[in-house]
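Below is one structure, written out as structure tokens; the observations come after it.
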């Protein structure tokens, strides 16, 4: 059969990325306790295409995905991306896994354990002599408004918020470490299971620890600045304001090697 | 050209509904102040299909939508549905418009106005000698947890919540009236624009008015029970808990004519 | 600490359902080959609340979820729902698990295997002396338009479509069986991995097997009628039309014990 | 009342952006025929925050939005962004409006008109002496696979696809012009209303005009290269493959002033 994708193209336009997206696939991810965690990823895989090739052979992306049998770790991303690059015969290959990741968390007073979900992604780009990896985790937390607390006789509005931290690293930083940084710089963590004494604890913890999105952002940034294994970060804090039907947000991106990006 | 849809079918299976969905279309809706409000609807239109017809003529649905030039009111729903039924030559026709609807709300202290968005739908079913219309509105509000307030030294967790009220009516009930019922039975309304003195007001209003989802549901139900123009209702209250990454909800459906459904 | 939820309520309104929703949790599901498949569920759990109780103890829902350690099978649903009902001391308990489920499918010519994702839900309601279970699976397929094929010189528009089948059963029907029914009544199945000879096969299979959404619906209904273990079904076929930016759909619900619902 | 946001901050971290997001608001947009089109936008507004300020005054964003009474045009974006910058007393202000935009399109044979929805966004960034504006439009189209056509006896798989074009410009380029470029470089446009003779036309048009996502991308790029008013572009073509339950995509970003970005 004729290989239409493999034909020459004379439009003289090289393509940055061509590939497949929204591929839903079961994967296993290594966690900090050396266990493999089964989850479901949305996968995007693509390559650069030279100006004189008409198309990419899309089925090969799925074949590469199958070869790795769904085993995905931060450490394996370069190998997977390089294999993709080789199989597709491309200058650059890019692969992104986005997936829910669960960590068992203990309620602060009763110590009862339950799973909290964190949305994680690994994005790798591999060229012949270069490699780039961005690890991102989105952490649900609680924020309690300092202004509302200050000006009100009683109470203070608070709400669910999300701290999304993307990092580049030299030396492994675990998802669990990024989660800890985000949680301890919010007004309080969120938990799936809380008994009454736990609920009292987190209510008071948040009230005694009021934070604007700006505060959560800055203290998260300070923690990432202090962490030598992290060379670049991009933080976004989004708070689902309980007094509005819209969000408040703050964001900051910084390349520590250049001082700023 | 051959009319494939119009062919006879011998599988002897009548179809409940066949039609088009997720049609995004500009519409205008009459509001309580007699103004026409422009908005964007997601439209679903369908008919019943007798067992001996192979298919419905889908393009006619869009032609009917065009004929009404996007003018949609609670009062016009029967006419639109009946026209659909006639044009498609069907026993039953169903049409649903789902759209954002904006009401200008004044902040409680400064009186500054801003628009709040409410998600509304009208669903009509028309048969030869019957007509049914359900009007639904989803209202963002604030809930403050009575348990958290009671057991904590200071503060109480609160969050954005949504009260969704669906009703059948005898005599017109405005969207604005349903919104008012939902808002006044929550811990506090939400607003798009609040200055500092307003924020103080709603923070204290919520703190002095703690409500479980069960409380919001019951008081909304009492208000709908007292309203004679409403003959049937279905209420769902969903609270985006600020101490969890999941929701609390309560729901109740009741046909006032039968006592319960 | 005071038990605010446990207080008496005098509004005299019993609540249909109160509980927690959008709980994201890791689960394991038994598949037809007797393997446990790890996946991620969105869980909703609720109970009926008598008129004289102010609220439900929401944390108990999560404790029940933890007790079962995420092991979810069609056969275990009654046990889980009954346990929920007992722990919450309620007349009725309802629990719904919605999750992606993967089946390894072989490409039609090369036989290369890959995973296809199907969205599945189990919804159980348990009362003192009654139990109801609905199993639903959404199956991606291809539909090719008979009208477009008939009237055009060459080609025919085709597109991705979804067949959603919900059933009540007497005797176990596997998810895999419902998937097979939906796939074989469409123009062609979809696959995650297809090589060129497979692509030729499915293109021709779809072209030789044109189906309206009405056709897919009716043939799926015939198959469910013939299956004695199924006592009730609700089918919806939604086709993401390639010549429009909206969908065509057909739906049918039938209680085989009553002739119709 | 104390101005908590206005307090000094000593963490020495300047914030890139702080503001409000997911604000749903009615707006009016000028179209190419000099008519104002009413629609509903999701609005994001933010500013940079110096290291020594604790927070931004969030309510001022909404006040600025109200001042412009929802009148949004490409030409007015600089004025709106500059006003935001001034009112918030910031070095940089950013504002993004995302909204559905409708254009009346005539069916190719019958000439019957119907509205097609295009998702549009305007993103403006204003500094003291600089201004940047990106206009983006997402255009639904049909793609028909050249490989599938070539290797199959009859037919060819085709599907709904989306061409998203973002541009920077010198001199006004209308949304309508970007839509035209995307539509004419696909296998066929999509329409909301098609009668049988129109359906025959677009089926044959697509069959005679097979395009990979790579082809749509390259021909769209050639058209944008030839358009002198456009100085920068970012194109993404995503095809909802009818033989898979995942997408094929291609993307290309280019700064014409630098040769490449």
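We just call them A, B, C and D in the order they show up, numbering each chain from 1.
FYI, a residue touches a chain if its C-beta (ideal position, glycine included) is under 8 Å from a C-beta of that chain, and two chains touch if they have at least 3 such contacts.
Predicted, not measured: the structure shown is a model, and the values here were computed from it.
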| item | value |
| --- | --- |
| Intersection of the contact lists for chain B and chain C | A, D |
| Chain at maximum distance from chain C, centres defined as averaged CA atoms | D |
| Distance between the centres, which are taken as Cα means, of chain D and chain B, whole angstrom | 29 |
| Whole-Å gap between the CA centroids of chain C and chain D | 35 |
| Junction residues of chain C - those touching two or more other chains | 1, 23-24, 117, 147, 151, 192, 194, 196, 200, 244-246 |
| Topology of the chain contact graph, where touching chains are joined (line, ring, star, complete, other) | complete |
| Parts of chain A lying in touch with chain B, wherever the complex brings them together | 116-117, 140, 142, 144-145, 147-149, 151-160, 188, 190-192, 194, 196, 199-200, 202-204, 206-208, 240-246 |
| List of chain D residues in touch with chain B within their complex | 1, 3, 23-26, 37-40, 59, 62-63, 66, 100, 102, 112-115, 117, 192-197, 200 |
| Chain A residues within the chain D interface of the complex | 1-2, 4-5, 9, 11, 13, 15-24, 44, 46, 49, 54-56, 58, 146-147, 150-151, 212-215, 217-219, 221-222, 238, 244-253 |
